[in-house]
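Both of the next two complexes hold subunit A, though its partner changes from subunit B to subunit C.
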Partner chain A sequence: MVELKVTRRSAFEGLHAIGVSGKVSATPSALATRFSFRGDHEAAQRASKAFGVTLPLALLKAETNGTRTAISLGPDEWLLIAEDGAAQLLADEIEKALGTHFHSLVDISHRNTGFDVSGAEAATFLATGNPLDLHISAFPVGMATRTIFSKAEIVLWRKSADTFHVEIWRSFLPFMWGLLEEAAHEL
Partner chain B sequence: MSLHLRTTQSGRINRSKPLTFTFDGKSYKGFHGDTLASALLANGVHLMGRSFKYHRPRGVVTAGSDEPNALVSVGVGARHTPNLRATQVELYDGLVAKSQNAWPSLSFDIGSINNVLSPLFVAGFYYKTFMWPNIAWKKLYEPIIRRAAGLGTAPTSPDPDHYSTRYAHCDVLVIGAGAAGLSAALAAAESGARVILCDEQAELGGSLLSDLHATIDGKSASEWVAHAVQTLSAKSGMVTLLPRTQAFGYFAQNFVGLVERVTDHLASPDKKLPRDRLWQVRAKEVVIATGAHECPLVFPDNDRPGIMLADAARIFANRYGVRPGGRAVVATAHDSAYQATLDLKAAGVSIERIVDLRHEANGALPNAARAAGIRVDVATAITGSTGSLRVKSARVSKINTDGEEDIPCDLILMCGGWTPSVHLFSQSRGKLKFDAERNVFIPDISVQAERSAGACKGSETLSDAFADGFSAGSDAATKVGFKASLHSVTVSGVHEAKGGFLGAVPHPHDAGRVKAFVDFQNDVTAKDIKLATREGMRSIEHVKRYTTTGMATDQGKLSNMNALAIASQALDKSIPELGLTTFRQPYTPISFGAMANHSRGDLFDPVRRTPTHAWAEKYGAAFEDVGLWKRAWYFPKAGEDMHKSVLRECKTVRETAGIFDASTLGKIEVVGLDAAEFMNLLYTNPWSKLEVGRLRYGVMLNEAGFVMDDGVVGRIAEDRFHVTTTTGGAPRVMNHMEDYLQTEFPHLKVHLTSTTEQWAVVAVQGPKARDIIKPLVKGIDLSNESMPHMSVKLGKICGVPTRLFRMSFTGELGFEVNVPADYGQAVWEAIWAEAQKHNACAYGTETMHVLRAEKGFIIVGQETDGTMTPDDVGLAWTIGKIKPDFVGKRSLTRPDLVKSDRKQLVGLLPLDPKTLLEEGVQIVGKANVPTGTPALGHVTSSYESAVLGRTFALAVVAAGRSRIGETLYVPMPGGDIAVKVTDPVFYDKEGARLNG
Partner chain C sequence: MLLIPCPYCGERPELEFRYAGEAHVARPADPMKTTDEEWAEYLYFRSNPKGIHIERWRHISGCARFFNCVRDTVSDKILKTYKAGEPRVDLKQFEKGAN
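And then the complex of A and B:
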C-alpha cells in the first residue's frame, strides 16, 4: 500500500488575482462542498433541517447560515454550498432526513468553483459579460440566479450591495477570468 | 493655417491649443475642438475625396455623420482605418489622414477618366455590360470594377487595438442630445428614472452648439446646454451620459446597440482603454431625438468642392470658427438657409446672391436677409456650376427661362429643406406616415415602447423641440412608473423657417447630358433614377437596387427623398405609392472590432482543459481540439513524429499498459425512483436487471432510430446511474434527456445532474493495469472474481473517494478511475509513478482511436453520420428485445431501416499491407470504374496497427456483412486500391484479454 497525502487543487491555480484599487476585486472563495439538490417543497423542507439552512422556496433567492448557503435555481432545484470536507457527513444526514421521499442529491463539490466580485464597481464589472440588470433595484441583496457570463454558464448571487458570488464550472473559469482581466483594464 | 479663414472669436474650438496634422502627406494646423473637416476648411482645403464611380473631385457637403463625400483614411499601419467621415474625425495632435479613391493624387486622378466615359457607366451597367463570357465576370470584370470603384483599403495586418462590450439597463434611453434629447433626459432624470443619454457627437448639445441667436429661459443656447449637462452629470449613478456614442441599431424589445468611440479622438490614448465599446442596452422606454437631415438640391454639377449644405456652412462658422469660403451664392427653397446666410455674413463671408426656387419668400428670415442688404431672387433656380477642384461660379436662371447667369463665387450653399431622421424609428418597426403638405415621412404608429421628439418627429421650431423633449421624457418616465412633472422653457431669438423642394431642380439643359447628383456617395444622378423607371423598375426598392441610391453609409440620409420625388414624377405616382426603402442597421458604419469585442484569440470561445492538462503539457503532449476541450493527442518522445509516437504507445498498451486522460467524457447522474425506467426509455438497452455495481455499454437513438450517442453506464445504487457520454455529445445528450423527461415522460420520478466536471477520469489499460493501481486502491478487491469486466466499485484511491470502473475501450484489461476533479492531477501523478515501474506509457486520443478500431469499437460521429441504425454498426445486440418502448424503437421497423442493402460496418484490409487508406474515400465493387459510378460505401477509420503489423480500416459498405471475403476497390487519383472485406473485429475476437 502506497501512502499518499492528496489534497484538493483549486481550479484557480495559475490564475492571477484581479483588482482595481478602490473599484473592484475578484477573489477566489475557499474550497467548498457543493450539492445539487432536486425535489419538491416537502423535500426541500426536510433537507433544510439536515442542512441547517432553510432552502428558499421562492425563486431567485439565496439563504445563508454561517458557512452554508442554499440557492434556489428553479422550482425544484437548489444549489447547496457548505464548508470543504463536509460532503460525506452532509450527504448522510440529508439522505436520512429524506428517507424514501423522492429527491436527488448529487455531489458537485469539484464541478463548480466559486469566487467573489466585490467593490463599488462590481455590478458594472459583471455587466461586461452578463446581460441581466444588476442594479440594486433590479437585483437586490439576497437574489441569485443561474445566468451566463459571455459564453459561460454561471450562478450569480448578490451577497451584499457591492459583493457578488459567482459559481462556474471549473473548466470555464479561465475563460471568464480572462474576460474579467480585460474588463478590469478599463474600469 | 490660413488665419484669414478663421472667424475672429466665435466657435467652440480652443484657440489656445493649436494642433498639427497631415492630410495626404501635407502638414496643416488646426485647433483642439476641430474636426478634420473643419480644420481642412480652415486651411482652404475643400477637395477631400474622389467619388465612388466617376472619380469626380469632391468636397465636404455636411458637418455631421451624414457626410457622403469627405471619406478619409486615418492612421497608419495596422491602425489605418478607411472610410471615416472627416466631419466626425476629431482632430488630435499628429493625426495622419489620407484621401481615398484617387491615384496618383487627389488633384490628379487617372480614374477620373470614368467621368468622361460615364455614358458607359450608367445605372445597372454592370448587369448588362459584363455578362459574357461567364467566367470573365469572376476572374476579370468583377476584380477590375471592384478595384476601380473601391473606396478605402482595409489594413492587412491584425488589428492592434482592443475593443470591449458592456450590457446596460435603464428606464429611459434617450438617443440624441440636441434640444429635444437634453430636455427629455432632464425630465426623465428629475423623476428619478435611470437614464442613458447618448449622442454621436463629441459634445452634447446638437444644433444648440451652433445656434448664436436663441435665448432659452434667458440663457444663450450654449449656456443652456452647459447647464443641462451639468444638471444631468450631477445625478451620477442614475444618469449615464455617453457622447461620441452612436445608436446604430434598434432591435426587438427595446434592445438598442450603441458604439462608444473611446480613444479615437486621443493623440496618445491609455493603452488599457478600448478603442470602441459596444453597449448593449435594454431600455424600458426609449426617446428618439435624432434630429433632421438637411436635404441637398439636385441641380447639374451640384457636387463640386465648395458646394455644401447651408446649415453645414453655418455649423462650420458658428461652432468651429471657420469661414468655408470668401464669396457665397445661396440656393434654397427653405427659410432656414437665410439664417445660415445671415450667420455667414456676420462671420465675414461675402454673400453674392440668394436664389430661391419658391415664387415667394416673405418670412421673417428672408426679410431679415433683404434688410441686411442681401439680394434675394425668388422663382430662380440654380442650374449649374463651374470649376474643377473648387467651384468657381454658380449658374442661375429664372425658372422657365433659358437665360442663365454665372455668378463668380467660391462657395455655394444649398438647402432643399429638412428630412426627419426616422431611421431608428423605422428600425424599431414603427410605421411612418407621409405628410403631403411638407413632403416628409414622419413617425406614425409605434410598435415598441418608444416615442420620437423634436425634428425627427417633424417638429419645425426650437420651441417645439424643447416642448417635445420635456413631454417625451416625462411620458417615458411615467410609463415606467415614475412621477414626472412637465417642464417648459421660453425660447426667443429664433424665427419660423418653412419651405422645401424635392426632386430635380428645373434647368434649361438636356437632362440626359447633365449630372445632377441625387446620391453623392454612390454617384447616382437624377437621370439614373429616370433610367431605372424607364427600364421597368416600379417600386422604390427596385430603383434602389438598380441604381444603388441610398445604399452603403448613406442609408437614405441625404438621398432618399430626392430619389423618391424624381421616381414619383417619372412614374406619375405619389411618393407614398412608391413606398420607402428599408432603413438598415447600422445607422452609421461601426467597426468589426466593436462587434467582435473580446471574442478573439484565446477568448473567442471557452477553452476547456482537464485537471491533468498541465501535466500533459509538461510531458510534451500534442493536443487536439474536441469540441471546446483540449485533449492530449499523443505524447511524442524525443525524435518521434506522430506516427512513431502512436505506434509505440499502441504497442506499450497492448504489451504492458498505458494511462489515458478520459476526463472530458460527458457524465450525467440519473437519480430517482424511476431511474432504471427512464434509462430503459432513453437507451436501446435493458436496464431494469442491471445489478448495482455493474456496468453496461449503452446506445442512445434519436426519434428517427439513428445512433446519436453511446457510453458506458454504471449502476451505483438502485435509484442512481452514472451515465457517460461522448466528449462532444455531452450537452446534446443532457438536452435530449431533459427534453424527453419534461415533455414525454414527466410522470417519471427522475432528476438529471451534469457531473462531467465533478470527475477526473484516469483510464489505465493493459495487461499490467491491475498491478499499477493495486498499491493505490483501498477498500476494493480488484480480483476477477470480485470485480469482473464491466463492474464498478466505490472505495478509495490515494486516500480520496473513487468510483472505480472495470472496463475497456482498448480490448485490454482496464480500469477507469473516477476521482473528484480537484484530486485529478495528484491521483494521475500517483498512478503515473506506479505505471513507470512497469514501463507503461501515457497515451493520447490517437492511440485510443487505433486501439478501439482494432477491436471494432465504433466512435459515434466517425463510424456513424446521423443515418446509421444500431444494426448498421453491429450493435443490434444492445437492443432490449422485450422492452415495450424506447426512443427510436418504432422507427427501427420502418421499411427503409430494415433493407438488406443498408450500409453496414465492416473491416477492410488493403491487399498491400503497407497501404494506408484515406478516411472518407469511396468504395466500389469493381476495378477501373468510370467517374460517376455510385459508391458502395466509404472508409470511416483507417490506421496502421502495431499489433497487426499492417494497415487496416473500418468502413460502412452496402450489405457489407454479406460481402466479407470479397475484394472491393477504392478508386484514387493514382489508381485503384484493392481491399479485402473482413469482420470489423481485428484483434482478440473472443475477448480473452478483457478478462485478464
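And then the complex of A and C:
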C-alpha cells in the first residue's frame, strides 16, 4: 500500500523579504481559502448571506469583513477569500443557500497566493509593472480588479490609501517577486 | 499605450486585452444544410477592410468579457465599443466624421 504524505508548502518559501525602509514593504498574507464564484445577481445575493460578506454587484469593488473578502471581477464573477481551512464548511453553506439556482463554485485556495504591499510608495512601486493609473483619485480605497503585473495576471485590491493586496497564481509568484525585488532597488 | 474603453470596466490599458477577430460573424444555424462554399465562407472569409472594422475584443485580464469594438484599421483609432449581444452598429455615423 502506498502511503501518501502531503504537506502544504507556502509559495513564499525561499523568497527574499522585500522592503525599503520608510517607503514600501511586501508582506505575504496568511494561508487562505479561496473560491471562484460565478452566477447572476440573484446567485450573488444568496451567496452573500452564506458567506457573511455582501458580494458587490457593482464591478471592480471589494467588500471585506474580518477574514472574509468578496471581490467583483466581472459582471458574473467574484473572488471569495476566507480564513484557511474553511473550504468545506463554506462550500456546504453556499451550496445550501443556492440550492438549484444556477451557479458555479470552484475551490482555488491552492492556486492563488497573496501578499500586501504597503507604505508611502506602494502605488509607485506597483506601477513599475502595472499599467493602471494607481493614483488614489483613479484607483480609490475599496477598488479591486483583475489586471496584470508585467506578463503575470494578478488581482489588485486597494485596502487603504497606502496598502494594496495582490492575489496571484502561485506559479507566477517567483516571477513577480523577482521584478519587485529589482523595483525595490530603484525606489 | 492605447486605452481601450471596456463596456464594463471603462478605459483600460491595451495590455489587458486580447483581439478576437471580426464581430457579428454568425454560425449557420444548421451546418448540415450548408454547402461547402457556405461553410468555407463562414469559417475562413472575413471582410478585412482598410478603414472602419467591427471586431471582437476580450478584456481577458480584467472582467474577462468579450465585447464588440469599432476600430479604424488605418489610424488604429477606436471609435466605439459595445457589449456582445447588442445589435451591430450602423457604420454610417462614423464614416462622415471619422477622419
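FYI, the second predicted complex is superposed on the first by the 180 of 187 C-alpha atoms of A that agree within 3 Å, B and C clash if a C-alpha of one lies under 4 Å from a C-alpha of the other, contacts with A are read in each partner's own complex, and residues count from 1 in each chain.
The rule we apply is simple: contacts are C-beta pairs under 8 Å (C-beta built on N, C-alpha and C of every residue); 3 or more make two chains touch, one makes a residue touch a chain.
Only a predicted model underlies this, so the values are computations on that prediction, with no experimental measurement involved.
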Which partner reaches more residues of subunit A, subunit B or subunit C? B
Quick check on the superposed pair: does A:Pro131 touch subunit B, subunit C, both, or neither? Answer first, second, both or neither. both
Would you sort A:Arg8 into first (subunit B), second (subunit C), both or neither based on which partner it touches? first
Report for A:Ala183: first if it touches subunit B alone, second if subunit C alone, otherwise both or neither. first
Which partner does A:His16 reach: the first (subunit B), the second (subunit C), both, or neither? neither
Set of subunit A residues, in rising order, touched by both subunit B and subunit C: 131-132
Inside the complex, what are the residues of subunit A that reach subunit B? 1-11, 14, 31, 36, 38-39, 76, 100, 102-112, 124, 127-133, 135, 138, 150-152, 169-172, 174-175, 178-179, 182-183, 185-186
Quick check: in the complex, which residue numbers of subunit B touch subunit A? 162, 164-169, 194, 262, 272-274, 277, 280, 282, 598, 602-603, 605-611, 614, 629, 669, 671-673, 749-751, 753-759, 775-776, 778, 798-800, 820-827, 830, 834
Contact set on subunit A toward subunit C in their complex: 59-60, 73-75, 77, 131-132, 145-148, 153
Subunit A partner contacts - residues on subunit C that touch it in the complex: 1, 8-9, 12-13, 15-16, 61-65
